[in-house]
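In structure tokens below, several structures.
Each of the next two complexes has chain A plus one other chain: chain B in the first, chain C in the second.
Let's turn to the complex of A and B:
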């Protein structure tokens, strides 16, 4: 085989036919062909994995049936007896509502955590590089202390310290009664919240964002042409702000969007099941054909000669097979199609309701915190923005913990920018702030961003430890739900789906920034 | 490059071309007054910053001291429950087993330190410097802490004594080339010896907690109980003796066999110590002789003969066919009722048979392969038997061990088992075979996208439901399985980084000398990839150790659970959670910090991270 390869490569393409014939006649038998063996092994492994999963699933099914445990999602619509410590709905009436409120809690915690951890992390990273000895030592002490103590231990330390050290809640709670209350039931402050007109206002802001994009491009072009600082980002932000301000007045103009969403909901309601089935099948087949045709065209030489190895044929066959299986699943599993239709209808129905408001409704409202005394002990009312001790301890723990890691990333990124860059910038006459903003940070960000994205993912996942301090995040509420209803598997599936989509979102955003950063270079 | 940022304004020494690269950067010694000016008050902004941070730092330190030395604090709740922290309810009359395990690990540590030449030398002046710093800190402590006047004076005297010792050492003669140095190990042993000696002299007091129906605390003044100070003294002697024995071995015997033996001993130590010493299986001799031994012998003889034939280079095709047949038979055993041992052994044999061509060679190689099979089979059979056998060690409630021991045990077993799994996943993910790649990628990404606690909750609740009838797993084992899966996904990503750093030339060179893919992977690619990924792997191990604390959430009696739930639940020590949490934090911190320091030293020693 090797000899025939050598000859064919040395000969001109025109005379390659006879040598291929030789190779074909001396073809290795099937049981010694490496490609065939590889594919047999892979398919075998796939079969083993699938049958092991099937075996476990059937075992679980038997065991669950024997113990009278169901695995359906009915509990989402059934009443449950759960009280959440905080969030959009502290006394949810159904399991689904409880999980939704808990999800919002987790998201709040994650978003706030990411913002504050980034700010604190940058401060720590810069402090580690400070020319002040004391600041440097404090920053490295901060990093070494927080990195080496388990997050859960830190969280519980904060929790027990705060519950023990903060004062009891009274009607005259401080430090600024009526504005800011701090007690061992949490921290309560004034709240700005979205009101009925918010969604119409959001449409105005969305239009503003599109306008801002064009403004930014325009200003950028001016800057590129004249060389003067046209501050495109500032202009873009200003445009959005302008639209936001104007939107406060003009937002009722968009009331008609509700009717549009209503029409879409009705349309989805009237569609037969066959439409999503066809759509799903078309997507599966479409992906497979695109992949195969691209694969084939990639393997076509410049002169149009197609040379596919056995391995490539196996790949093509496998892709086609997978797409067929997906089509089969889409057609046979009618529940999936009707679920898609129903949830689409519900989504647009909700949107319709959001736009169906009184024309004078304000987009925002604000309230001051209150303290109510219904029974023996006073408690925070619903008006203020209340952060329970559980929330605060999880928040501080994840922010401090992640700031130590982000600080190390920032430090490493800045050190990775070679000294020559700073010196060159100094030589051109840039000031300290300018050097940092225009020379060091853009280059350092390229190094900092990927590991910091990982830290964001970790932060979101770490908020799940809130279950240890009784904060109502999705894990804690999910545990309560399955303890009451016995639906462990569905709840775990919801957890996985939720965290996977969070992770996916963050990695998409970070990758987007990352790609932009890389493009700036050349 | 690590120290580049620190003190960079002092190291303005430009290395010229003829300076050797390895020369350490020269740090200019400034006199104290100028040092302070340069590092603390170089600009108005810096001065303000220094003053502000000093005030904040002192306030925090003072608050911390006020917490620690508050007479309300129940520090005796920690002292009384030290045994609980270490091993939970392990019975007192069996405690010699714990000490035996500690001794074995210390012997291995001592010998290994000698054989691998651990430790370095440090100048006496540096120790003096550190002692001086400690003394200054103690003075600050004495002044800030809420002490009575006499206690303040005692602390001050002690602090000044430490500082004076430091100053004497710092001014010790010898500068430059003939600087007086001392081995770090000596310093360590002296410090430990001082600690152990203080157990005999200083009246720390006895602390015993008697968990009867009405729990009682025995806290008597006096020196530490004999059951504590005697074993620790013996342990210190053992580790020092082991170190010198190791030095003898290192000087007398060839290096490689000793190192290989030590490695194998380290690998074997966790299962042997846990399942032979700590748990002490109550073997049913009749069953062992009648069932387990014959199965083992059959697989041992048959397997060894088969493998030594399969590893003959001349076996060729037939060997592969037979290996695949064994694999199929292994899977078919799951279709009929049969002992689990038989199935597992069959699958292990199939894996060995499939790998046999990779290790094919002369008689010595074949013999080594067969011996490897016997070893793995032996350890696996013995482990399976002892796991399935009830224990003679009667421990009240649940798992046989708890506290720091279970933290370390879970961490060690998780790391041990997730290594092969993680490497396999990494290889599959970088493989050119699409199904392998996608399966492994899917597994890794799904596991990495989900928090550990959900996996632990899932495994602790759901594993019994997935098992066939008749099989039983206790909660800790189920949780370890979940933790292994979780950890292997992260480990796979670290190893993948290493795999990608192996240059193409290495692959091509291995192909050129006619290696098979398996041989190339095992002998060329993996050793280089693993060496590169040592730093992230050590980081991963630290993470695994820290995150064992999550076991507390699902109710396993680990260090954190005991500190947070068990001790504050004792009637004498209500509300003592914060003291114990502080203690636990310190324990975790010491372990994790030492591991990360060790990893940095390892990195420097192997020259990783340097170009």
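Let's turn to the complex of A and C:
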């Protein structure tokens, strides 16, 4: 930085300097010194942000107290009267349980939506670039139609079409015998659920996964040495599948793990609070010191010259400060340490109980769909795995809608790879599929990934429109919860935290891939 | 390639290749881009081990012609037969020809996401189904031949233009082609780098490779070519041995071109 050069020259004795440099070698006044100005602005900005946050929070707190609005979270533990259309728990006991079941519904919708929208989007994008005129036209019709109709309208169209077109669900047709049942209440299929033996079986599969890693490496080496296609991925999957099958029989052999978990739980119970305090402090200090030392060594030239800008010093100081604050929090806040110990003990206690089963317990069970009539109208019972019409309409709407945008990203990304790349690949004799896989897609992904990550974020947030078709997502259930309990702000806070953590997770994953895709240049 | 005939005559010397096998045969090849006729009944035969340089002003159809020979462009009339395989819509023929014909482009077109070694060994592994270890040692040998073995682990973006073009030549040679096509291989290079690339192409010519070169490097053409073809407006204007082409051109258009370029 030129500024640091200035300051260093101002410190150096100016005896030998020519007379024209006298002004520069004189001491710079503070209000003109860029380094000082920069530090002052950083600290000032930090102070402004912190005090603004403190001011807003205290104002909000005062006002809420003055109006007698309750903002505590005790409703999470209190009973509510809510019925969810579907999910892990359709009749939750407490507000917390209701919100959790609704979150799972939203997550199911988002994860399934992202997977299917990606697959469909790639197909649409490739189809738009097809040599076949008809395929190209159909794909561009798909894109233009879907992205120009509001998502909410699409959702309602699917919902009303399905409820009108599908047969009514009734008990008069007698008990259902089939594996699959479709009606205007949704689609119900057999539910495979985990049974008592599942955790022992999962241990076998875990061992299988480790084995598969080595099998994959071995097959990869064979492929590299002989050139024959040794399909390492297939072999690895086969290994896992084999362990899974064998595990169905041998899993009771792992009953003793329960005792191990029990011992860990007892150990955690007997530990004093000082242990996690010490551990947390060590982690905080350790992270900070490794980060700083790596940062310093990254900024050291090959000859050992250390050049740090003011920003770098600020970062180092900030990191050290944060670690000290963390140590202070860990030491002063004993509740945190005992919470860690208690929840660790509880976790291992639960695991111990999971392994404490009858030796012949099966890892899985399956149940066929059923129909029950609790109130006026019949509905699907708990036995089957049911996708409601609401879920289906939200799912198809977000998948179709997002696929149009992802398709455009894919098309743009592929077009961004220069024609010369395809020609060079053709000229060395690669086939169409090989060109796509080895030359075009790896380069196109750099362009495709960032905007597609944005589409994933949009998809997750768009599932909140599910409230329009009465699907029990986090927004719909949250609204009911705060209507019943009057805790509007806590529910809104939970909503924000939930969507924020979903979005941040997606961002982190997409960024990680994105960094890996960067081209190495000079 | 590596096992090519060792005692070939040096460059510039007149070789009698007329009894050799026909490697590339073009008969009345025509091509249009919309209303614009890019190739107009181009006919030529290139014998085994022959080095033919194609000259001509911009837009004369040189590049289009050479790109038709491995079907990067599709000709609309006439026949092209490469090493006894006719280029038709038959996918198998196209793939066979492409794996026998190496091509070097003006813009190098290296794969920027792969390192140099992977650039060279990609096609042998996936098209020739060679074991990776064998393909990589072959790639290293080729990189040594073009003089840049030390760059094997780098990425194309880290190399100079001349080095990139030499990698592109190695990549084409890795498929062990019988014919090499060069489409203005030095036009995108700094003057200093042109020589290092031309030297590689020269040694390749001396090793007995059948080659077709589109270039503006007259010195190179004089030194290496057995035969010169001059094109304009999609037609072959003049076709002659190197010596006669420069010393005694028959067509006025060729004379004009030579007077401007020499």
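Definition applied: the second predicted complex is superposed on the first by the 368 of 522 C-alpha atoms of A that agree within 3 Å, B and C clash if a C-alpha of one lies under 4 Å from a C-alpha of the other, contacts with A are read in each partner's own complex, and residues count from 1 in each chain.
We adopt the following convention: a residue touches a chain if its C-beta (ideal position, glycine included) is under 8 Å from a C-beta of that chain, and two chains touch if they have at least 3 such contacts.
This is a predicted model, so every value here is computed, not measured.
Q: May I ask you to decide whether A:161 touches chain B, chain C, both, or neither, giving the answer as first, second, both or neither?
A: The first partner, chain B, only.
Q: Between chain B and chain C, which makes contact with more of the residues in chain A?
A: B
Q: Using the superposition on chain A described above, determine whether A:479 touches chain B (first), chain C (second), both, or neither.
A: It touches chain B, and chain C stays clear.
Q: Is A:499 touching the first partner chain B, the second partner chain C, both, or neither of them?
A: The answer is first: A:499 touches chain B but not chain C.
Q: Of the two partner chains, chain B (first) and chain C (second), which one does A:421 touch, if any: first, second, both, or neither?
A: second
Q: Touching A:43 in the superposition: chain B (first), chain C (second), both, neither?
A: After superposition on chain A, A:43 lies in contact with chain B alone.
Q: Would you check which partner chain A:299 touches, where first means chain B only, second means chain C only, and both and neither mean what they say?
A: neither
Q: May I ask you to decide whether A:439 touches chain B, chain C, both, or neither, giving the answer as first, second, both or neither?
A: It touches chain C, and chain B stays clear.
Q: Take the contacts of chain A with chain B and those with chain C, and give the residues found in both.
A: In the superposed arrangement, which is not itself an observed complex, chain A uses no residue for both chain B and chain C.
Q: Using the touch definition from the top, list the residues of chain B that touch chain A in their complex.
A: These residues of chain B touch chain A: 1, 4-6, 9, 39-40, 42, 46, 49-50, 53-54, 57, 317, 321, 331, 334, 433-436, 439, 446, 448-454, 457-458, 461-462, 464-469, 542, 546-547, 549-550, 552-553, 560, 564, 575, 577-578, 581-582, 584-585, 588-589, 592-593, 596.
Q: Taking the complex as given, what residues does chain A use to touch chain C?
A: 223-228, 418, 420-421, 423-431, 434, 438-439, 442-443, 517, 519-522
Q: Spell out the part of chain C that touches chain A in their complex, as residue ranges.
A: Touching chain A: residues 70, 72, 95, 98-99, 101-103, 105, 107, 109-113, 122-123, 125-127, 129-135, 154-155, 157-158, 168, 171-172, 174-175 of chain C.
Q: Given the complex with chain B, which residues does chain A contribute to the contact?
A: These residues of chain A touch chain B: 31-32, 38-39, 41-43, 45-46, 48-49, 55-56, 59-60, 63-64, 67, 128-136, 138, 144-145, 147-154, 156-157, 160-161, 164, 315, 318, 411, 415, 457, 461-462, 464-465, 467-468, 475, 479, 488-489, 492, 495-496, 499-500, 503-504.
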